[in-house]
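First chain A sits with chain B, and in the next complex the same chain sits with chain C.
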Partner chain A sequence: MLGQVLARGGRLPCVDCARAIATSSADMVNRAAKYRSTRDRSQLLTYDMAMRPHHIGVKKAWLTWHSQNLEEFRQQQPVTLTQDEIVRRFIRGFFPQHVVVHGNEVVIKRRGNVLFVSGFLQYSKRLDHRRIYWMFGFVEEFLSLVLKQPVKLELAFVETEDDVAYNYI
Partner chain B sequence: MLRLRHCLPGPSAIRVLSSAVASGSDKAGAETSEGGSSQQGGRLPRVTIQPAIKRNPTDLLQALSDTVGVDPTAPHFAFIDDPAMIPSTAAAKRHYYMAKELGKRAARQLAEEWPTLFMFDRDYPRLSAFRPEQQPDPLQVDPTEENLLKMVEQREVKDAVMLYERMRSENKDVSDSAQLALFKLVAYYNGENVPFAEWEEWHGLRNYGESKYNEWTNAGIADLLYETLPKTAETTSILVAGMCKFASAESVQRAENLIKEMLEKNQVPHVEAFNGLIAKGDHGQWTWALAQMKNVKVKPNIGTWNALLSANTKLQSNSERKSHLAKLLNEMIALGVEPSLTSYNIVLEGIIDTREQVAGGTHGGMTREEQDQLEDALSWMVEIVSRLESLPQLTIQSPECNHFFLTAMVYASRASNLPLAERLVALYESEKNLVKMPAFTVENQFYTRYLRLYIERTHSINDIEEKYKELVPRLVGVTKTLTREMCEKVRNAPKWSCIRRVIEDGINSRAMTDHKQSSIFRKILLDVSFLNLSISEREEYKNLVKKLVGAWVELSRFTEENTKRLQIKMFPATVSECALMLHRIGESDRAYEMLETLLDEEAKYGETATITDQGTPNYQSINEMFQDALRESNASRAAICLEILALNTSRNKLEPLAAQIIERYEFISSKNIKSFCIL
Partner chain C sequence: MNRIRGVLSVRNGSSLAEKLREATGEGVRRKAVERTNAVETDASGEPFREAWLMPKRKLRGQLQIEQATGRTVVEQKSRMDIHERLAVRRPRAEEMSADQDWTNVWPAARSFNASVVPLPIRMSYRRHPDKRAPFKKYGNLELVKIPNFLHLTPAAIEKHCLVIKKFMTPYPPELLADPSLADKELPIKVTCSSYVHQGTNIRDMRSRVITMRVNVDALNLDGRAKEKLLRLAGRRYDEVNNLLTIVTDRCHTRKQNLDYAYYLLTKIEKWEELKLRQDDVKVYFSGSQGEKQLVNLLAKTINNPALKTPLKDLGDKPTAEQILQHEKVKDFAETWYKYRNTMELVEPETEDVTREYGRKMRELLGLAKKSAHTTQQQSSSSSS
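== the complex of A and B ==
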């Protein structure tokens, strides 16, 4: 932009105004939620990651399901957002050995007054069933007590993260 | 309708529509009236919308449930719906259920200890269910009557007693009503905390927790409270009922004396006091109690009848016991008292006397006397089940009601009476039955008995497979006995889908760590004709064999010091059979690698041994591999087989094999046959 101004023989703006000018080249490509490919095709993509943002609602669904974005239903949008963040952080922090793709694909669904947490976990080194059941019980109760509504986990297990891979780029 | 008016071409079409609507008006809840004038006047049919049918809040859910039905193959709702996480055995169900519940209890404990960390208070109205509060410490809390009553209400027996004692030591006044409330609680639980069986919130502990039976504590807190309270009919009856609930010979005698004292004072004991004495007293005591009930005109309730039935089961004579039970039941029905399931359970348990060791001839593992008793029990059961089937609803009267189904199923199973067992299952699963057995414990036993009986009495392997898949592992936990019975069936009538399921369930229930059971698995798999399987079935067969062999090898390789306790060494027969299975699925290299371990001394002896030095390899397995090696003209493999056989079989079995090699290759002179055999 600066080049264009100078080329037209225009005057440079004052110092204060210069702050508002971006001198880097304008790049209109939308890069959000699109993954860079690697030379050795080692970047794992799940189905959700492989689909583009404009495919939401077409080829893939949302990671959180609630009615707060609908007209006349926006009583507690911020609360819903906060709840989502609490759930995601807690799941990531409580199952660090088991989450796949860094716990980014935990789906939160609301049916009635119940909040369901869906997604995949991996076996990790050794799958201790009793430990997993204890953790599930703890998480369900802990999140229920925090959010003041019943929380249920619907997490399924895969052997390794590779099992959720849709593509490698 | 407006849209239809525009869409339809003309009056004739409207007439068709109106007649269709009129014919279906009852169903659709709409009425139409045309009056036949549409043709002349062009009037449109008039539609009246009926008012909405009033429905209960759960009707929609009920309709959905009826439409979807129950998926018997799905796990219990308490378990994680993932194949790797679904428990197969009753023990696994117990462990997982308890683990989950203890996890919940840990979270609850955190919230009780640090409530400020859980203050994401956006709920309106505030929900106290999500704000658990710590139980007050009786040594710290204010010694007030209000706190005492709160503890009594929450049934914290020991805490309430502790607080009461503290209040007395600090000379705080306690009103009679508060003392009475505490006395009721203490007498009902004998001064102990509430037993696990009465826990409401934590189902796991309620079902699995074991509470020891305790006898009445003489001169305990209940007796002390009784001394301080006025001796009314109510308080004395409470004490009597408590003494009989936690009966000892001494407490029952004291209970009788207390009733006598009440009668002397012209007080009328409550029916619960009489019920207790009838149930726990001897013949003289309960007949006396009945006579007194008549005298003081205390009306019996269902508890009285059940107590009488229980008392009659103590009679020594079998014939006397039966006639008394019959008379009692008839009298109940004549008086319009419908026997509860508990009553029927007591009757059934009373007919067969397990205490008596009856001498006499045996038939099918039972004495003649036991057989007669079983026949009696069955004829009673048929009558009882017919009566229950005719009732509009089976309701719960006491916590023991569900025991009827298990007792009845045990008898049906002992008598191998499948039709009766199926009637019981149908009755239990019917909508009119509101009495449910606790899952994983009593219900598991009920369905296990039923399934084993079904397997025993059914010939079609397809029917058995269907029933097995319907009940296992959701309702029936896999056991060694069940697996063995299923293995017997599939050996007699091989069906690959059933074999696969039984063996996979066996793997999940760790049956393969049992030498005998794993041997049966191998025999079943070796009996399967691999070539007769379809392509997909062959893949399944291969995967199953690889999984099994891999598991047995892995179990044998726990030779490290810290894992030694997990090691299960392979027998030579195991190795040879595994090798044959691998050979059949085309994994010949791996099969011969396994066979060679039989020739390796280090694999048999020493600290790192993976094979036991007991037993011999399976001759048929090695021989089959030997023949295959000859057909493939693979001399080295044939030699391995022969060497193994040479070390483990007799000379007369070896000579024909050696002759076969010579015939095949014709490179060993007849002179050398002897030396080859000696090898």
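== the complex of A and C ==
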């Protein structure tokens, strides 16, 4: 930061001048939701990644479905948002070998008081059925206790990540 | 060479054999002649054009050449055990028969599952869908995202209805025959709304509100009782369709509000002592200022020889009661009442009504009828 300022020939900021230090993260609008293409076209893009943020609701749907944003039905928007983040992080951390595209694409739907988690997992070479069934049961039980409402997993398995690939760039 | 030819003769149908034959120089001329002659045409004279299709993947030979020259690196995958591979089940959708019971396959609401749904579905956006088909069914997250109605097939709904049929009673046939009977026999209609949220909260403040509609005619009230009810109701009464609407939302639960609505219907208040003429729902002729003035005027009119009023038969000095009891005055009082209490929505005030009122007044006072000439003149002046 200091080096940049000096290189540009700017004034040296005084030590107690808090304005010179930006603590918030840069928003990088021109880079958001854009993926670098590779020479050998090996960068996998799912449909969700290939479509831009402004295509949400037009070419692609939402990753979370609930009625808390509807007019006259706003009761617990922040709670919903927090629950979504908890579920996503937990799925990502609990199935590290099985998640596709780094576990970014987990669909969360709410129906009544039940929270449904759907999306795709991959086999990753060998799939131990008994282990995976236990893990599913554990996730449902654990998240139900944490969120104080029933949680159901509707995750489907694909063989490899290539099955969800929409495009390679 | 001879031996090779023998082998070639076995594979006469193969194009590779032809290529080799061409390479050895044999039969080239013959082939060329045949090709020029063998141009097939169909009925409309169009020649048959051969389609040259190349596989999209790289062929094995091409891959081997690229590998040998070091242009590509083909990674070797470890292959699963043959028994393990055979044990992997094909998607369930491929085994389904056309006459299966779908309601057993998909009994309840669920996210889309490609291996279960035997429909050839694709879903995604493509700029040119004819060049490149939309994204396939397997591994398609868009299909998973959208809510589906695969559990609400007509067969499933029929099944559901058959199951809950035993809890139903037949709709009253009398009401089917005569729908207007519903208003008469069931005069009270109670409306309330239930709200379902996605979340753990089942409460909603709006669900406690009760709206009760009562047809006032069905209560069989006499004039006094009806007036009392309408006085209490105020603006809750709609004169046009004769409905009394009571909305209660002051209690915490729906049950309490419903009870309160019924309580309001039976509420009793002392009101007649407090009532004044201004409080009347309608304007009545008896006791009005107009009544007094009319009696005074008519008393003077009777004594005036120039006016031919029909009240002359009452004598020279009739009392106020006598005047009011006269048939013509009663008739006028009725017209007056109607004229003052015009209901805009039912029968709006028109020129004819006003003219009728004027005619009766003139008759009562014994004034001369308006001649056609004066009427015309007046109407023309009013129109201009």
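Note that the second predicted complex is superposed on the first by the 138 of 169 C-alpha atoms of A that agree within 3 Å, B and C clash if a C-alpha of one lies under 4 Å from a C-alpha of the other, contacts with A are read in each partner's own complex, and residues count from 1 in each chain.
By definition in this document, a contact is a pair of C-beta atoms (placed from the backbone, for glycine too) under 8 Å apart; a residue touches a chain by one contact, two chains touch by 3 or more.
Owing to the predicted nature of the structure, the values given are computational and were not obtained by experimental measurement.
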Quiz item: For the three-chain model obtained by superposing on chain A, do chain B and chain C clash or fit?
Solution: clash
Practice problem: Please work out whether A:146 is in contact with chain B alone, chain C alone, both, or neither, and reply first, second, both or neither. | Solution: first
Practice problem: Would you check which partner chain A:76 touches, where first means chain B only, second means chain C only, and both and neither mean what they say? | Solution: both
Quiz item: Looking at the overlay, what does A:133 touch: chain B (first), chain C (second), both, or neither?
Solution: first
Quiz prompt | Which of chain B and chain C A:86 touches, first, second, both or neither | solution = first
Quiz item: Between chain B (first) and chain C (second), which does A:166 come into contact with in this model arrangement: first, second, both, or neither?
Solution: second
Quiz item: With the two structures laid over each other on chain A, which partner does A:154 touch: chain B (first), chain C (second), both, or neither?
Solution: both
Self-check item: chain B and chain C footprints on chain A, overlapping residues
Solution: 76, 79, 148-149, 154, 156
Quiz item: Which positions of chain A touch chain C when the two form their complex?
Solution: 46-48, 51, 55, 59-63, 65-68, 73, 75-76, 79-80, 105, 107, 109-113, 116, 118-120, 148-149, 154, 156, 158, 163-164, 166
Exercise. Could you please specify the touching residues of chain A with respect to chain B in the complex?
Key: 76, 79, 82, 86, 123, 127, 129-142, 144-149, 153-157
Practice problem: Would you tell me which residues of chain B are touching chain A in their complex? | Solution: 80-82, 84-85, 87, 92, 95-97, 99-108, 110-111, 118, 120-123, 127, 130-132
Quiz item: Inside the complex, what are the residues of chain C that reach chain A?
Solution: 109-111, 113-115, 124-125, 135, 138-142, 144-147, 195-202
